[in-house]
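One chain, subunit A, appears in both complexes that follow, with subunit B as partner in the first and subunit C in the second.
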Partner chain A sequence: MAINISGISKRFGAFLALDKVDLHIQSGELLALLGPSGSGKTTLLRILGGLDRACGGTITFFGEAALGLTPRDRQVGFVFQHYSLFRHMTVRDNVAFGLDVRPRRDRLPRAVISERVARLLELVQLAPLADRYPAQLSGGQRQRVALARALAIEPKVLLLDEPFGALDAKVRKELRRWLRRLHDEMNITSIFVTHDQEEALEVADRVVVMNNGRIEQVGAPGEVYDHPASPFVYDFLGNVNRFECIISDGTAKIVSIGLTMPAIGAEPGPALAFVRPHDIELIRLDAATGDAGGGGVACARVRHIHAIGPTARIELDIEGHRFEAVMDQDRLRCLGVRAGDWCGVRLTRPRLFSSNSAALIQE
Partner chain B sequence: MLAKSTASAYGGRPALQDPAWLRWTLIGTALAFLALFVALPLLTVFIEALHRGFGAYFAALVEPDALSAMWLTLLVAGIAVPLNLVFGILSAWAITKFEFLGKSFLITLIDLPFSVSPVISGMVYVLLFGLHGWFGPWLRAHDLQIVFAVPGLVLATIFVTFPFVARELIPLMQSQGIEEEEAAASLGATGWQIFWRITLPNIRWALLYGVLLCNARAMGEFGAVSVVSGHVRGLTNTMPLHVEILYNEYNFVAAFAVASLLALLALVTLAVKSVVEWRWGEDISGRRDQG
Partner chain C sequence: MEPQEASICLAPPLSAVKPPWYAFVLGLAKVVSLSHERGLFRATRGSRGMLVRYSILPGFGLTLGISMAWLGLIVLVPLAALAIHAGGLGWSGFWAEVSTPRVLSAFRVSCTTALAAALINVVFGLLVAWVLVRYRFPGQRLVDALVDLPFALPTAVAGIALTSLYATNGWIGSILAEWGVKVAFTPLGIVVALTFIGLPFVVRTVEPVLQDLAPEEEEVAMSLGASRWQTFIRVILPALTPALLTGFALAFARGLGEYGSVIFIAGNMPGISEIVPLLIIIKLEQFSYQGATAIGTLMLVLSFILLLVINLLQAWMRGRHHVS
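Then we have the complex of A and B:
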């Protein structure tokens, strides 16, 4: 176990930024802290880096209590959202800074420092720009300098705050794949903060979903996406259709679209059903009878079809209640459904949450 | 010429092109005003100082009282400016890098010397440290003299010139934020290293600019210094006070000769300030692209 966080709280005035957060981070993993702004993810990262103080709780780094340690003693590399490069220093001096400021007894000889800096600049593909100033670099280049600077001190843990937040979409994609490869090569325990679910799901080994200062769910990307533990995670990760329903006698009924599904053993009361767009099945109605042919199927009007790329997004409407389905273009072509047609709708994998406690009722 | 080319750059829109007579009237008025109120008096100082020839001019400057006034002025500025440099950096640092109770009150307090008449600030020191002042008896018992002596001059000068450095640094440090300092801390730098290697290099030109202004004012200060000096010739007279005494004695050549030195100081300050502004203007205002 690399990092053990238990019961960490942080309060800014009346605002509770972190509410008794517990988290265990494995050695060598790449972990994403994902959440909307104000969810506490950056605050948690800053507390780990020693830039903010926690109001309560404990953190251990590799078994050693860390909260009393200075950033220097924690051996943590921090990459800031806006890079925070030293504007009056060249790229080379920026990267060397962490080695230059070591106390004399720990400081490496000058030649070793410059050799290591050269190697790092090679690693982040910036060797030709070593004598430039930060103002002369592009955003992606600055971010790589920031990364090289953090890596120079050979940190045991690398913390990255929205590392790709200020970059344009294309550079962002390149850089995050590059970061993933870099992590696989160097194998430093790394934690990065993001509000971009795609980024978190693509890059991280495990994703920590945060909301209102609490952790909603921790898990591998696929696990978090396929089995969200709460309505919040469902809403936050990917597109989802949300239906209000009522449970009675072991069945849940979505009143608005007139569908029922089994909810065996569930407490009677109001509940929420979540269905991903690709878990909504469209069925061609029998043209003559208008019969969908079986239970669990509702009749919907196709309002609009967005067909760009390999998948099509289909806007459906049942008595004014709109929702969305996604399927392959090919399948849609086979079905032959067009905007304005009627078709049958089946919910293949709904998940039910209690409205009162937000607890999962049934997969 | 300039106005014309600017107007054509905007496509010659009539709304931006004032008639020539209006342009020249405005420019002429501004120039005449500057000539009458700035250039002419400055010129007069040098003409009056030199109108009995260079011999009389230098005689007035090397006269013992004049030399002692120059020495005293350098001494007072030499103590007050470095102290204000340190105080200015400390207060700007505290205001921009930390959140604390009474911060806005502190900012107001820093501006106070700008809004209070220098005479009043001089009198405050007399009331505090004078013979019959609050600390007077204690100071006399310990054989310390502040008012009518060099320490009083230094105190009054520090008070009057305090805002210059801090005022120059606060907006710059506010715009620079604390991100670079945090980055340095995360890389293991100590507070001292952060200050010398990150903060100071980022503020150095604004600091120089503030020090220049502070120094010009410290050497030229009259009101506050006049109150606490006691006008003891050769002992507590700074250059501005010495000029006044000579002038009141109808010794115009000597008065203007010393005054011309102060005027030269002002011109040099202005020149260095312009160079700093021209060369490092963006660093001073914090407009340069954030690294």
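Then we have the complex of A and C:
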């Protein structure tokens, strides 16, 4: 176990940014803290890095209590969203900074420093730009310098605060794959903060979904995506259709679209049904006639079809209630459904959550 | 340096002769309008090597013309007239006027005291700006407003107030006198007055830069293991240096030209605590207009060289940090 966080709280005035957070981070893993703004993810990262103080709780780094330690003694590398390079220093001097400022007795000989800096610049593919100033670099290059600078002090833990947030979409994609490869080579325990679910799911070994200062769910990307533990995680990760329904006598009824589904043993009361767009099945209406409404098939109007790339996004409408389905272009072509047509709809894998307690009722 | 002083000595000759600046401004206006007609300054998009980049607001020719005419009228004409008038002395006459021991020592006093005051202001002005930008405390607005007071206060008032405070029987002067330090009526008194006058220049130039300085750079330095002192010296100070230099230059230039507050506290002993602006007034009172213009011209040249050097230094620094 690399990092143990238990009961960490942080309050800014009346605002509770972190509410008794517990988290265990494995040595060598790449962990994503994912959540909307204000969820406390950056605050947690800053507390880990020693840039903010916690109001309560404990943190241990490799078995050693960390909260009393200065950022220097924690041996963490911190990378900020806006790079925060020292603009009056060259790329080389930026990377060497952490080694140059060591107390004289710990400082490495000049030759060793410059050799290590050269190696790092090679690693981040910026060796030819060593003598440039930050203002002369692109956003992606600046972020790589910031990363090299953080790695120069050979940190035990690497903390990245929205590392790709300020970059454009293409550079962002390249850089996050590159970060993944780099992590696989170096194997430093790394934690990065992001509000971009795609980024978290693609890069991280494990994803921590946060909301309102609490951890909603921790798990591998596939697990978090396929088995969300709460309505919030469902809403936040990927597209999802959300239907209000009422449970009574072992069935859940979605009033708005007139569909029922079994909910055996569930407490009666209001509930929420979540269905991913690719779990909505479209049926040609002539095949669906006769059992529309009763056997889990509803009649829907196709409002619009967005057909770009291999998949098509179909906007559906049942009496003014809109939702979305996704399917392969090929399948859509077989179905022969067009905008304005009527078709049958079946929800294949709905998940029910209680409206009152947000607890999972049924897979 | 100070246009008022220059115009005092220039009033008689200028009113006697046909005003020479009339032709100068006319000529300037003609040059600008001609070049505008020929499209020399016309804003064009995309074509390289032109004088101007494309701008949303039109009228570069007009605005440049007005700026140049205005600058000429307000700054260049009085200064040129000063130089021309001093030129009437010839090199040897000029040299004879400015190389007397009294003039030279006045220059020495003016330069050293202005330099010392500007340096003190750089240190404490930075401190004041830091406190005002980085911390929130009760009465902050009041302190903020206080900083500008030296701008607004008539300098003579400041001089008299400082003199009464620092005289050997004054509140501060009496305490200092016990330690054997004499402030009023010595060059040290001049430094005190100039420090008072120059403080807002440094505070007001550093403040906006400090506001823009992201605290993240300091946090990065901390997380990389830098101590507070190292963070200040290696991260914050270099970012502030251009603004500090500007503040220093302004405070220094103002200190060279300052008259009102200094004459009360200085004691004005020739060779010891007599400043250049005072010497100019003395020359004028003795109807030595040429002597006054000669001293004024030398001061002008010195100040100009100094400001030019500081500007070049800044341009060089900026060129390093920003995209060329």
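We take it that the second predicted complex is superposed on the first by the 355 of 363 C-alpha atoms of A that agree within 3 Å, B and C clash if a C-alpha of one lies under 4 Å from a C-alpha of the other, contacts with A are read in each partner's own complex, and residues count from 1 in each chain.
In this section, a contact is a pair of C-beta atoms (placed from the backbone, for glycine too) under 8 Å apart; a residue touches a chain by one contact, two chains touch by 3 or more.
Since the structure is predicted, the reported quantities are computational estimates derived from the model, not experimental observations.
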Subunit C versus subunit B on the shared subunit A, clash or fit after superposition: clash
Subunit B versus subunit C as contact partner of A:50, first or second or both or neither: both
First (subunit B), second (subunit C), both or neither touched by A:228: neither
Touched partner set for A:142, first subunit B, second subunit C, both or neither: first
Which of subunit B and subunit C A:35 touches, first, second, both or neither: neither
Touched partner set for A:350, first subunit B, second subunit C, both or neither: neither
Partner chain in contact with A:82 - subunit B first, subunit C second, else both or neither: both
Residues of subunit A that lie at the interface with subunit B and also at the interface with subunit C: 49-51, 71-72, 76-78, 80, 82, 84, 86-88, 97-98, 101-102, 133, 135, 149-150, 152-153
Subunit A partner contacts - residues on subunit C that touch it in the complex: 214, 216-217, 219-227, 230, 234-235, 238-239, 317, 320-324
Subunit B-touching residues of subunit A, taken from the complex the two chains share: 49-51, 71-72, 76-78, 80, 82-88, 97-98, 101-102, 133-135, 142, 149-150, 152-153
Interface residues, subunit B side, partner subunit A - complex: 179-180, 182-190, 193, 197-198, 201-202, 288-291
Partner subunit C, residues of subunit A touching it in the complex: 49-51, 70-72, 76-78, 80, 82, 84, 86-89, 97-98, 101-102, 133, 135-136, 146, 149-150, 152-153
